[in-house]
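Some structures are shown below for you to check.
What follows is subunit A paired twice: with subunit B in the first complex and subunit C in the second.
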Partner chain A sequence: MLSQLTVAILNGIVWGLIMALIALGLNMIFGLLHIINMAHGALYMLGAVVAWYLIEYIGSFWIALIVAPLLVGFIGLVIERGLIRTIEDKPITTIICTFGIMLVIQHLVLIVFGGSPRRISPPIAYRLPIFDLQYPSIRIVIALISIAMMIGLWLFLRKTKYGLWMRAVVQDREMAVGLGIPVNKVYMWTFVLGSALAAFSGILAAPIVSVEFMMGREVLIMAFIIVIVGGMGNLEGSVLAAIMISLIQGVGALFVPPSIATVFALAFMIIVLLLRPQGLFGE
Partner chain B sequence: MTNQKRESLHFIIPFFLVLLILAIVPFFASRFFQTFLTELFVWVLFAISFDLIFGYTALLSYGQALFFGLGSYTVTILMRKYGFNTELSLFLSIIIPILFAWFVGYFSVRLTGIHFVIITIIFAIIGNIIGETWTSFTGGSDGLTFSPHPFRLGLFQVDLVDIKGNYYFVLVIVAICFLFLRRMVQSPLGRIFISIRENEERARLIGYNVQRYKLIAFIIAGGLSGLAGGLYSLTLKYACASYLHWSVSGHAVVYTIVGGMGTLIGPALGAGIVMSLEHYLVDILMATDLVVGIVLVIMVLMAPKGLIGLLRLKFKRG
Partner chain C sequence: METKKTKKKVRGVLNREVSRRDFIKTTALGAAGLGVSSWLTVPFTYGAEPPIKIGMFNEYTVFATEYGYWLGKVGRTAIAKLNAEGGIAGRKVELVDYDTKCKPDWGAAMFKKMVLEDKVDFIMGSIHSGIHKACFPLAMEYKVPFFSGGAMTYEFTGKDAIPYYIRCHSHAKSQAIAGWKFGFDNLGKKWTFLVADYAWGHSLAREFGSRVRAAGGKTQEIMAPPATADFIPYLQKVDPDTQVLFTAFLGSAALGVLRQTVEIGLHKRLQRYTVICCTEGIGQEVVGKESIGAYYIEYHPRHLDQVPKELHPYEIAYRKACGVDADGKEVGNPKVTIAGSHMFSMWIYPYMIKLGIEQTGWKDKRKNADLIKAICSLNLKPGPWCPLGGGLLMREEDHQGFSDFYISRVEPDLKLKVLQRIPKEKVIYEPEVDLRKAQY
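Now for the complex of A and B:
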């Protein structure tokens, strides 16, 4: 039991960190552009699929981890410049538009990649002994990479010019325009960064889950929930909420069927939405 | 008054003309095409019921799949497990979703904008998970089948196993619902819905209890979505848990956007066009959702008022 609990907690933290990255991308786009990106799950899936092809032809997981997010980030650039920019000020319209983009991405992948799930084998095969169980060490590595990514993101937002601009636009868009910040460009790069983050998390998740064209659908909803619970626009809140929810789901699944654990988590979300629409960690 | 009469004449003549054409179709068309049209009618009903809350009251609900699935399961489970007759099952496929819509709506209409969208998605996901998990009752993703017995409805003997009988049965019910919704949006109640869509703050200041009217719209739409689900199951003689998945609501969103929201006739037209596209392109492309997605994005960007909006613009100019 103790070893099972340890593994459940470890899995909860690893998955929570991956979810945190996905939610961060979603939340950055929301905080800045005020749009709900329904295609975010599809971009996460696209990251994993592109990585699968890269690994197939180049053979290195680590190269794929860097190249695939760049490619998906470029797709994000095309989506933002080509489609979303014209309707950025209408939140409901962007939901519908990104829903359409989600359908297109998912089904292009279905045509090219096929419908059956495929696996990306972990680049590190070593298994860590935990009590009487063997824990795949790649998961620890994935967790560490996620943490490094978050620290990098934090430094980017705090220490660079673009990060400062992004925070300024979130605080007061009008004032930012007045001060000469190229808001339009900040929007673009935020969307690109959010898309690349989604793809990056997709590749990190790939050795744990299987790669298939629908893998983003449920993740999208979980990411929404995390963003709400953590507070829309509140990035630190997203990280906390992601780890909290994944731990509750992971550990809860030891005692009740996983689907029941999810239903309770969702019912909890409804209560949070109704009583604290600004999120658990918002002011 | 005469103006209004003329306008309703402009509607009634084409409406019954279309109905007449659709009534003749089964004498010429293949059984396959008749089944396709029957399914199309069901989706038309789903789309126009969605139009009531989205097009007229400006509430984007991705939770309509919950009511659709509930209606579908009401018919299937009552007829398969408890031997209910068709009329009563179909009637309850409106009532039970209405009760659930009341519950879901009671909480949801307190939220606005994006929060409303997400809370409706969450309710639908809970429904879907319960449906997938409670397999002894719902059959899970494998679903449940049943076969309806013939029954007497007034002067007519209705046999839903017969494709033609099924066709007329669904056509008549959907046509009645269409007239009902059209009457409703033109009534004082419908005007209040529109005033909420146009300016919620002003509607509140005039003295309308905005949340209550949103709830009324949500409940009516939920009941009719349930009826659509019930008719869908009667057509396919089948229900499964994936009908409850929130993405099923996406169908209604697509049809409404393509046709033109807040027009009723638009979503019906949208359903016809998008489903025909899917139907005829399925042989060329295995992924019909690709076409749906592309059409949706193009319409949102180029013609946010849909095909009806485009047509109106053209008539005004010409």
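Now for the complex of A and C:
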């Protein structure tokens, strides 16, 4: 039982960190642009698909981990400049627009990549012995990369000029414009960063799950739940909410059927929303 | 009467005067030429009976697309071959083709569209049991024969059977009858079923589990959502004394469960057993070396060298027509693997329809009942249109077909090697219904 509990906690934290990274990109775009990006799951999937192609041709997971988010970030740039920018003040229209983008990306991948799932082999095959069970060490490495990425993002937002601009725009857009902050540029780079984060998470998750054109669908729903529970626009809240939900699911699955444990996680969301409609850490 | 003005015009164009005799001669020659050329290029003469229309729908987008791709491709190839061979009873066969989007409501809407707008005579396709269930009332209402592409719910030719539904392939119950004994005798007596939490997974766990328990074995059931990505919470719950882990998931979840079983080291203390449905259309190289040693129940071997030798002439021609190589990959696209245990249904159905029409003199839907009875009495020997081991035996009572099964294991070279062939005679069970008495 002790081994099962250890693995359940470890696995809950690992999944929580991956989910947190996905939710961070989604929450960042919402916090700044007030856009509910329905294409976020598709960008997550696109990251994994681009990485799969890169690994096929280059052979290195680590190079793909750097290059694929840049490529998807560029696609995010095209989407923001070409589509989102013209409708950014119309929330309903942006939902429909990003939903359309999601469908376009999914079906283009279906045509080019095909419908069958593909595999990205874990770059580290070592399995960590935990009592009588084993735990794939790649998951721990992925968790550590996620933590590093989050710390990097925190430093970017707190210690750089661009981060300062972004926080300023979130607090008061008009004042930011008045003080000469290039708000449009800030919007653009936020969307690009959010897209690249989605892609980055997709590549990190790919050695655990399989790469396929619909892989973003389930993830998107969970990412929205995390953002809502953590508080819309609150990045730290997203991280904590992701870990809490994953732990409820993982540890709960030891005592009840795992499907019921998922129900517990959703019930937790409902209770949070009843008590704090703004989310756990929202203002 | 010809006027001076028009005569001038004709002369102006042709630079000579055209007499009535010339006109008739030229027109007759032209008509004859047109007729001969039509006869030479089109196998179906003008003025012949209208074409026979077959509707096809498959999972081309959203989910289970690896099935849809191959079922669609094979269906289109079979119709083209049928037309090249002269159609059915001198009539051309037309195919209309739609996407089910893997959604029962959409699938049912397409079924209706094919019947009411495209005026199809027969419908075939789809592997989605929910879609089939949604189309049952429509098949009955419009009296349209509906041929299953690959839906595996046993009850469709069991207690829920309808006279307009025909299935030439296996289902959860026949798979269990074919495969449980091999697993019980060779892999172990204590089984854990880790299956998708919906009808298909439940019925596999029920059908295999009841037989294992009846033989004195022990079973455990764990249900997981069909789209599960992380199986570690589920795999942790596998009883420590489990000897056989039977899994049933589709698509990426199927890959996930096979790989993650190895990742946490469970494969060292148990045997993995599953049905080929889980990795149809997915090459074992995609699953990876983690799949080595896993046992599968196949309904038609993926690799040509594993197909029984006596079937090779038909199998080679079938593969060539459908663009499949000896390794079970698409010709020119080795990353695409066949759905070999399912797609044969779309190859055989057009031929079954042809035989049924020829036997009954079917002209239109008024003779559908006779046609269905004829089709469901067929006993096809292996041949160009039936490359299946043991041929295909259709049963009139429940409209269920039977052919041979194969137990395979993933070898170190990632090939599915057939270990045992289960003849169809060993799989035939007592029919639960008798559709011979049904009202059409």
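The criterion applied here is as follows: the second predicted complex is superposed on the first by the 278 of 283 C-alpha atoms of A that agree within 3 Å, B and C clash if a C-alpha of one lies under 4 Å from a C-alpha of the other, contacts with A are read in each partner's own complex, and residues count from 1 in each chain.
What we mean here is this: a contact is a pair of C-beta atoms (placed from the backbone, for glycine too) under 8 Å apart; a residue touches a chain by one contact, two chains touch by 3 or more.
Every value quoted in this text rests on a predicted model; they were computed, and no experiment measured them.
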item: Subunit A as common anchor, with subunit B and subunit C clashing or fitting; value: clash
item: First (subunit B), second (subunit C), both or neither touched by A:Y44; value: neither
item: First, second, both or neither for A:R119, with subunit B first and subunit C second; value: second
item: Which superposed partner A:F224 touches (first subunit B, second subunit C, both, neither); value: first
item: Which of subunit B and subunit C A:E212 touches, first, second, both or neither; value: second
item: Touched partner set for A:H107, first subunit B, second subunit C, both or neither; value: both
item: Which superposed partner A:S259 touches (first subunit B, second subunit C, both, neither); value: both
item: Which superposed partner A:F191 touches (first subunit B, second subunit C, both, neither); value: neither
item: First, second, both or neither for A:A267, with subunit B first and subunit C second; value: first
item: Colliding region between subunit C and subunit B, picked from 73-81, 217-225, 235-243 or 253-261 after the shared-chain fit; value: 235-243
item: Footprint overlap on subunit A, where subunit B in one structure and subunit C in the other make contact; value: 107, 110, 217, 257, 259, 262
item: Residue ranges of subunit A touching subunit C (in the complex, touch as defined); value: 4, 7-8, 11, 15, 107, 110, 114-119, 121, 127, 133-136, 205, 208-215, 217-218, 249-250, 253-254, 257-259, 261-262
item: Subunit A - residues contacting subunit B, complex; value: 36, 83, 86-87, 91-93, 95-97, 99-104, 106-108, 110-111, 217, 221, 224-225, 228, 232, 257, 259-260, 262-263, 266-267, 269-270, 273-274, 277
item: Sites on subunit B touched by subunit A in the complex; value: 58, 60, 107, 110-111, 113-115, 117-119, 121-123, 125-126, 129-130, 132-133, 246-247, 250, 253-254, 257, 285-290, 292-297, 300-301, 304
item: In the complex with subunit A, residue positions of subunit C that touch it; value: 61-66, 68-69, 197, 222-225, 227, 229-230, 232-234, 236-237, 251-252, 255-256, 259-260, 263-265, 281-282, 286-288, 335-337
